[in-house]
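You will see chain A twice below: alongside chain B first, and alongside chain C after that.
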Partner chain A sequence: MILRLKYFGMIAEAIAKEEENVEIQHRTIADLDGLLKRKYPQLVTLEYQFALNQTLAGMDEIIKDGDEIALLPPFAGG
Partner chain B sequence: MSEKKIKNFLVEGPITPEKIATSIAHHQVKTNIGAHDIFLGQVRADQIEGKEVIAIDYSAYAEMANKVFDEIREAAFDKYDLTCAHIYHSIGVVKVGELCLFVFTSSKHRAMAFDACRYITEEIKAKAPVFGKEVFENSSFQWKSNQ
Partner chain C sequence: MNLTDKEKNRYNRHILLDKVGLEGQEKLKAAKVLVIGAGGLGCPVLQYLTAAGVGTIGLIDFDVVDESNLQRQILFTTADVGKLKVEAAKEKLSQQNPLVQFDVYPEKLTTSNALSIFSKYDIVIDGTDNFSTRYLVNDACVITGKPLVYGAIYKFEGQVSVFNHKGGPSYRCLFPEPPKAGSVPSCSDVGVIGVLPGLIGTQQANEAIKIILEIGVPLSGKLQTYNALNNAFMMLNVKRSEEQINKIINESANFETFDYDFFCGVKQQNTISKEIAVDGLKELYEKGIDFQVVDVRGEWEQPRIEKGNVLIAPLDELDEFVSQIAKDKQVVVVCQKGIRSRMAIEQLENEYNYNNLINLEGGIVNW
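Moving on to the complex of A and B:
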């Protein structure tokens, strides 16, 4: 399946990318997190959370084809 | 999926004092209002390891941020007896001394306006996917994180 990934703030800076499509066979956010940490080892030391289709998502959430997933560093609004 | 059209709460650059004055003026026709409260976030010239912050460069996951702002505003209407509630947050560069957040609540009486204004502000800090780069005099920067 194909996922649309979006990266923000220090995450986008660390991996030098703001978005990409990835094709994976994995099932959960945790699976995706593992794959991304292998692809971008610099993520291992960074703090971030996932949003699945614009809602914060836990590691056990199931992902499906066409989902939009974002890696969000700590918030700094206000 | 809801068909509701989500408003844009994000403003390019600083929020001007004129915008705030105009916003207050627009509420003078709403004569059931007896109290307004306003929170203004201003960019502070923090000293970090001997360097002074000169601006914050804000970015956001805009689609999600607008959804979160809308949810926070709706939740405030559910929790408090409000007549109006407005939220504006800057995106892009905001220099020290300039305003980056404008929360404006209106109600019949002061308690609801005060409580809702604080609630909305705290929720924004905790939940809105807005990111900020603190820019220093020498153009170096560091990423900011809410406490």
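Moving on to the complex of A and C:
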């Protein structure tokens, strides 16, 4: 299945992309996280949360074809 | 809280609005809002809340105006460089609207002062620039039951939300764990486009006003993201995590001793930078250096150190002796084998911010 990924803040900078489509055979956010960390090892040291179809999602949530998934880092600046 | 004729005239454009009216403007006058930090976010928040006629505005910031602030903190002028931010802000804002009461706190927000300050206000607005303070502010809002208007920025991107409002989520429900220290740079490290905090801070002011007036839909349970480069707004749903909230509530009795710098990795545990052996301690005596020995053993344990400035402060009573442990000179912490003294140093560094402690490696048995 194909997922639409959106990257924010230093995540977008670290992988030099703001969005992309990713093909994945697995089923959960945790599977996706593993795939992304293998694809982009620079993610390992960064903190972020997943949003699945505009809702913050835990690692065990099920993903399906066509889902939009955002990687959100915390910002410190004020 | 009734409005004077002068106020009715000044706030006429609010009063004309169906959703505000006289009643709404009176709510604004009665409201007490605390702004944490007079930086990029805090400045526009302060300016709009002042203009709107919020009756009491508190401002806490320990910093002074730096020339590099002026690119985005448009409350300040070149003449303010070097002045305390709270003083410069109060001066400007009082000119902007003399009908507003300003309480300024020229101090660092800590676990010691947060709860008592927060309890005086209805709403807290976070304009801080580091994770330690953001977690501290969030937890203090949960403990004192205050809604928190959150804003944060990075280069060209911003986030806005309302936390702890009418049973909604808190910051920890969004980001349960702080990022590794140093992995998220601040504006002073990587820069920020000057208009961005103006946009995000203005949204924070808007959220605070909506909460006071009880109109519209505050951003509770939502995180709004904005990218100034492509004008992309995104609205995300954030769920309340009872586990996270309960963690804060259950630990609330320990709030005042919790070390947020350590929690956020700003300070490292188990890294006692300085250790000396018995020979090193003898050398300190021989050189006539002014230092203190803190012996954390029981009084019966032998051998004792008889010379110099020695404080007996058994480890299990250490808290009671903190006021007698020097911060302005070297302090050698000793015990029988160097284990309890190491624990004492960890406790003193983490809970009381000591940075002048030396462990007697191997203990006093070799004395």
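Simple rule for what comes next: the second predicted complex is superposed on the first by the 74 of 78 C-alpha atoms of A that agree within 3 Å, B and C clash if a C-alpha of one lies under 4 Å from a C-alpha of the other, contacts with A are read in each partner's own complex, and residues count from 1 in each chain.
What we mean here is this: contacts are C-beta pairs under 8 Å (C-beta built on N, C-alpha and C of every residue); 3 or more make two chains touch, one makes a residue touch a chain.
On a predicted model such as this, the values are computed, not experimentally measured, just so you know.
**Q** After lining up the shared chain so the two structures overlap, which partner does A:Pro74 touch, if you call chain B first and chain C second: first, second, both or neither?
**A** Touch status of A:Pro74: both partners.
**Q** Of chain B and chain C, which one touches more of chain A's residues?
**A** Here the partner covering more residues of chain A is C.
**Q** Return first, second, both or neither, reflecting whether A:Ala51 touches chain B, chain C, both chains, or no partner chain.
**A** A:Ala51: touches chain B and chain C.
**Q** In the superposed arrangement, does A:Phe8 touch chain B (first), chain C (second), both or neither?
**A** It touches chain B and chain C both.
**Q** With the two complexes superposed on chain A, say which partner A:Ala16 touches: chain B (first), chain C (second), both, or neither.
**A** So A:Ala16 meets neither chain B nor chain C here.
**Q** Per the definitions at the top, what is the overlap between the chain A residues touching chain B and those touching chain C?
**A** 6, 8-10, 51, 54-55, 70, 72-78
**Q** For the complex, which residues does chain A have touching chain B?
**A** Touch list, chain A to chain B: 6, 8-10, 13, 51, 54-55, 70, 72-78.
**Q** List the residues on chain C that touch chain A in their complex, please.
**A** 37, 39-42, 126-131, 134, 151-155, 157-159, 174-175, 177-180, 183-187, 192, 197, 223, 225, 227, 234-239
**Q** Quick one: which bits of chain B touch chain A in the complex? Just the residue numbers, please.
**A** 41, 56, 58-61, 63-65, 67, 89, 100-101, 121, 124-133, 143-146
**Q** Provide the residue numbers of chain A that touch chain C in the complex, in ascending order.
**A** Counting only chain A, the residues touching chain C are 6, 8-10, 45-47, 49, 51, 54-56, 70, 72-78.
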